[in-house]
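Chains here go by letter, A, B, C and D, matching the order in which they are written, and residues are numbered from 1 within each.
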Amino acid sequence: MAATAAFPAGRRADRSEPSFPPPSIGARPIDRSAWIEAYRTVRAETERRAAPLSPEDQQIQSMEDASPTKWHRAHVTWFFEQFLLAEHLPGYAIHDQRLHYLFNSYYVAAGPRQPRTQRGLITRPTCAEVAAYRAHVDRAVEALIAEASEAALGRILPILEIGLFHEQQHQELLWTDILHAFAQNPLDPVYDAGWRMPAASNAKGTVTLQRGIAAVGYDGEGFSYDNESPRHDCLILPVRLDRALVRNRDWLAFMEDGGYARQDLWLSDGWYAAQAQGWEAPGYWRRQGEGGWHQSSLAGARPVDPDAPVTHISYYEADAYARWAGRVLPTEFEWEVAALNGDLPDAYGLVWQWTRSAYLAYPGYRPLPGALGEYNGKFMSNQFVLRGSSVATPDGHARPTYRNFFYPHQRWQFTGLRLAEPLS
Amino acid sequence: MAATAAFPAGRRADRSEPSFPPPSIGARPIDRSAWIEAYRTVRAETERRAAPLSPEDQQIQSMEDASPTKWHRAHVTWFFEQFLLAEHLPGYAIHDQRLHYLFNSYYVAAGPRQPRTQRGLITRPTCAEVAAYRAHVDRAVEALIAEASEAALGRILPILEIGLFHEQQHQELLWTDILHAFAQNPLDPVYDAGWRMPAASNAKGTVTLQRGIAAVGYDGEGFSYDNESPRHDCLILPVRLDRALVRNRDWLAFMEDGGYARQDLWLSDGWYAAQAQGWEAPGYWRRQGEGGWHQSSLAGARPVDPDAPVTHISYYEADAYARWAGRVLPTEFEWEVAALNGDLPDAYGLVWQWTRSAYLAYPGYRPLPGALGEYNGKFMSNQFVLRGSSVATPDGHARPTYRNFFYPHQRWQFTGLRLAEPLS
Amino acid sequence: MAATAAFPAGRRADRSEPSFPPPSIGARPIDRSAWIEAYRTVRAETERRAAPLSPEDQQIQSMEDASPTKWHRAHVTWFFEQFLLAEHLPGYAIHDQRLHYLFNSYYVAAGPRQPRTQRGLITRPTCAEVAAYRAHVDRAVEALIAEASEAALGRILPILEIGLFHEQQHQELLWTDILHAFAQNPLDPVYDAGWRMPAASNAKGTVTLQRGIAAVGYDGEGFSYDNESPRHDCLILPVRLDRALVRNRDWLAFMEDGGYARQDLWLSDGWYAAQAQGWEAPGYWRRQGEGGWHQSSLAGARPVDPDAPVTHISYYEADAYARWAGRVLPTEFEWEVAALNGDLPDAYGLVWQWTRSAYLAYPGYRPLPGALGEYNGKFMSNQFVLRGSSVATPDGHARPTYRNFFYPHQRWQFTGLRLAEPLS
Amino acid sequence: MAATAAFPAGRRADRSEPSFPPPSIGARPIDRSAWIEAYRTVRAETERRAAPLSPEDQQIQSMEDASPTKWHRAHVTWFFEQFLLAEHLPGYAIHDQRLHYLFNSYYVAAGPRQPRTQRGLITRPTCAEVAAYRAHVDRAVEALIAEASEAALGRILPILEIGLFHEQQHQELLWTDILHAFAQNPLDPVYDAGWRMPAASNAKGTVTLQRGIAAVGYDGEGFSYDNESPRHDCLILPVRLDRALVRNRDWLAFMEDGGYARQDLWLSDGWYAAQAQGWEAPGYWRRQGEGGWHQSSLAGARPVDPDAPVTHISYYEADAYARWAGRVLPTEFEWEVAALNGDLPDAYGLVWQWTRSAYLAYPGYRPLPGALGEYNGKFMSNQFVLRGSSVATPDGHARPTYRNFFYPHQRWQFTGLRLAEPLS
């Protein structure tokens, strides 16, 4: 089975000429205009997501795990300036060297940086100044793509490409972070009154995997992160995966059966997290008088839709739910193989799906050289893998081998689950 | 000696017709236009102080003790709406009831409120919406003053008056809070490039108090807080107070003599605070290469001026300095008597002066009735009294009996000291 | 009025020849045998208090504020070795130099020491080894007293004397610390089945102080701590003090009236402490089914006696109770003057009485020279003064000028209160 | 390959008739005396390990992860009383019902329990009383084994067996916990002056695993924990494992090369743990003047032996070391297969070996029914697997399928590592 067989295409079916992802970096001749278009597409999407937000909205960091909108806009720009322009555009004038301290995220090799927990303290540069920074870098990047020699482009495109995927990741975070910020406000701010979780399919039943050796991990020609490699064989044991995601109506049954009160259903660490945080429902759920549960969303607080996939749940909750249901979460490889087999509805575009796989290195894993080697590898402990993509994931970003990862207590992402059942 | 004898007047010498403080609330006939002018003066000063700040600047809360500029602007407005308009203006339409939760500070009797540490999370209402809130309340308050019956004004003016002094206190906090916020930013933002600490006098020598019974506390006709009453006698023992404030040059001598490293100079709690916070100089001081020390100020980081009074020091530091110098801090009553005697230079308008008096109730103290009773009384433990006023204190706010109070570890206010020496 | 007028004598009425306190250090000729007897008396009392405790009991530190019994026994011994023997007994052989690190409490000038919070981690030396340490030092101290020259004794006796009072303070702590430890054990261990809080007097009514200048602080010939000096004048304003202590029956009325639930009764810091600790009754009280409240005591958990003085309350609770009762706590000087006037029943031997005076230096206060200067002076912030003495205070330790001090949240001591009322 | 092929036998080679492990629980006829002997052997070993410890030593809990010796002795006894005697010995009289609260560890289904972090606060029962508790339970267990019907024994022996293995686990903890406690004491207590880490073999070179399907997990007739099941197939990819453990001399080279200072070598969570804890060497290492490094051991502080396997290292350190060496840790299945192949020197009896496998459920894993189901399953997040056994592991306890697990920051166990290298 080829890694590209079941590439998620549905989310862009309405577009005749997708500008993202860009061409393969190995394709010759190099289509400079396609790259410029891809760059513009991604950069414009960031601004489109930030547009409904006031300067006040863009300023705040509502918890350690989140970052200000303004910071996201500046950080992805710094990424291009630091790794692309400063190294590959001769004579490039750094926009403002002091911003490098402020907008480096965690690249130790790229120098000291503003403490992660204090990103919300930086009121200047203002949003307008960040916009100017973005424009400055945009002009330079586009000039670089247009004017670099073919030989130089061979070095430039891999960095440009990772920069674009990197910015897309921050587009997703921008949404989940502002949702968290708004959810702290008793006035229930609305980001987009028309926002809705897309409808889940009516998929029923299961997809069965037979015992067999399967190759997992990426080896196509498009982009992938280092943590998806090397492609390697693994042994799949017989298993059935649900075609449907777990929905809010299912979760309400779990809640009504005491799911949040029965310690026997929970991992020990999960139970303590649940008690410490006072969890009694998924993230952002609030009891709303007699009207039942509401959940904060990008459209403000709205009644919980029983048909929608459950979201904003931690790994601990997903695991407890599976135990309650007498099932398990799939492994990341079971998920990947099922997705490549082509019959895993709602794999993409709704909610990331927790797997029971810890986030670890593939056999023979090598991080990228230099500072970019810190991108993924140094996080390989204490986290779990999620697969698929969510409603917040930008077009062209998902693929079957994609490994998202979060700590098991985190739930501000659009996280959900599907169940599985071993057959042996 | 009368409580008004040495009323601090210098800071407004350049104004022919001061509009603040307003007339005595007992004065008849009631001068409505003077009250409206006082109201406008105070409200305008708040806006003047906020004006140089972007929406981003106004949004953040850089530590627990500080509040966002936007919050200050809204909170003082809520104070008038809650305590004045809602109770005394028949038919008044609350601007937005939801704001009462957000902008109540600590008045338990006035209902539940946004947790103090989470004021920075509220991005909406925006600054513009807060401006609209202020305008709505301003119109109503001015109409109330203009149109209320004389009898009603008798009840209204005491609340209006405390609301104005209350707003002035927040004007001072607005400055100290934004200074703290800016000091966290490595880009060293400037609030007002022309800002300077006023020059201290060249006062030398001491003022001596003889043993005697002195009346302390307020009993004049103007405004005072409940914690300045009742006026009562106390016994002053012979003491000398320095006429000069301690200056940066003095403090540098203390530092060079190991002041921050000699545990024997420090209170036990002070030493632990100093270690935990890594103090080795006053607040906002940073070593600037060979150029010596700089201190963040409202004009950005500037070289430490050896002639300026030391500021941004905690009680613990003031106490350690005094011990190092073989002296003590004055008591609050020694300070008050010396100030009333009329020969205490730099008592006002530069830095608040730590005293060695714990902040406690005067004999027979009664808090105001109702929610306003929480204004001062419930903080009477673990804090020390400061006397005088600072460069950030608005015109007309200071008086000899005024009791400011902060925890001994706090140093983001414009706090300084003068020394004293018992003579017995 | 003389500082010795109302010296508390009741607690030792049953003893014909008290051996403590020792003779005045100025008395000549020096009565060596009286000093030796005083030394033996104090040392024996420590062992008497430790005797019912197993090695396991003596090992633990049940909270930061407490210390292990074994540590108390060793620390008071170190005090004599460090300050007396090492400096004044030529040729004295230190028992084990390594113990100085372990058993120095907080004397910075005496060298580094085991962190206070980790005293419970030291299992060796064992209790038996600490007993040997005590015996070694006892032999040397007694020899020193017996054999030193008169001139040397002039230097020795002041240190010996403070060492004895110091050990008595630890005798009180030994009891309060083991009570805290036992109260953590659901098996409710009993220290002494026959232990009882002595009965309070049937005192009723009030004692009135007239306005006047009073001298406060110690100036007699016996022992006093540096913080009781210098004796100085203060102005007493008219006030009435209750002759009776507040009793458990009074406290139950406060509880039944919602005392622990009415935030308006509490200092702000007190309210947060009460919420954080879940206070709903005095320390060690537990609801015992239908049988009402029990309180852990040195005799184990016993029904709360409505006639007994309330104890194990914090300053915050005492202050809230006084506010509820429409009264205040006395100042430490009001208490002292009333006690010296001779008509303050239950001043000693039951519970320490919180005053509303912050613990601060007297005018002209000078700490002792050298390391012993750290004894009292460095704690003069954030604490309140208690006066009198408690059931746990050893014979001969109390006096009218004695200033005990604790943080306002602490309640593991035998702390109680009496009320006062200003008359002006 | 059979799970019993390479059963670790070396550690008991000097004993002619091992009494542990006991017979297979399925063996018929049931050899009651062998079971009684096994029981006595295990129980005696606990007492043997506790014997050098004073009551003071046995009392303390030196950190959250550790427990007092006395608690271990009582807890394993409670385990037999709770799960064996109370359920299977008709008419059994509980020794003291109150002990069940004190000595339940984490079995929620078995009722409420003393908070884990407060085990050190329980001074009573004393050590002597715990000894009486042990004797009481021993008599009853032995009588039960001797007198139960064959049918009853069928139900009893599985519980007896897990109770014995359970007690052995606590024997290992007893040593590692007291080592931690002693290491906090600057007096460097000695548990056993003759204690030594056994000499490692002189093994060199590597053992190579070829690609293939291997069965892992337990399926023999002896005892195993639920987390070793079900036995299942996995795919082994070509890999080489070092025959030798990493030694102190290797680790010193890592340290000298800046291993603890180079953030690029570390997992992100690991780096923060290392900074927060101030790690600059393995656990219990201290610089000892010019004499180089010493390490606290059960024989007190001793010079680090360059030939001994490194121990008291966290997963984070093991991982950083492997990265520095250009290698990886083996997976738990690579380790198991290599051990079963029979050529993995020093697999047992020196140090547990960190693997790069997260501690997760095997496919189809089912915990034991009832309270014992909490034994292993609820810890399956955030931990890593260690394989082998250590110098502290009791005889008869280790096997190739055994899965030990700890959090990646923990290092008070006898933890070490061996390296591996993927070959594909």
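Things worth noting here:
Please note the rule applied: a residue touches a chain if its C-beta (ideal position, glycine included) is under 8 Å from a C-beta of that chain, and two chains touch if they have at least 3 such contacts.
Not measured: the values here are computed from a predicted model.
Shared contact partners of subunit A and subunit B are absent. Touch-path distance (fewest steps) from subunit B to subunit D is 2.
Centroids built from CA atoms put subunit D at 39 Å from subunit A. Rounded to a whole number, the gap between the C-alpha centres of subunit C and subunit D is 47 angstrom. Subunit A and subunit C have Cα centroids lying 61 Å from one another. Counting only residues that touch two or more partner chains, subunit D has none.
Taken together, the chains touch in the following pairs: A-B, A-D, B-C, C-D.
Touching subunit B in their complex are the following residues of subunit C: 106, 108-109, 213, 232-235, 237, 239, 263-264, 266-271, 315-316, 319, 328, 356-358, 360-361, 363-364, 373-374, 378-382, 384, 408, 422, 424.
Within the complex formed with subunit C, the residues of subunit D that make contact are 54-60, 62, 70, 98, 101-102, 114, 118, 120-127, 181-182, 184-187, 189.
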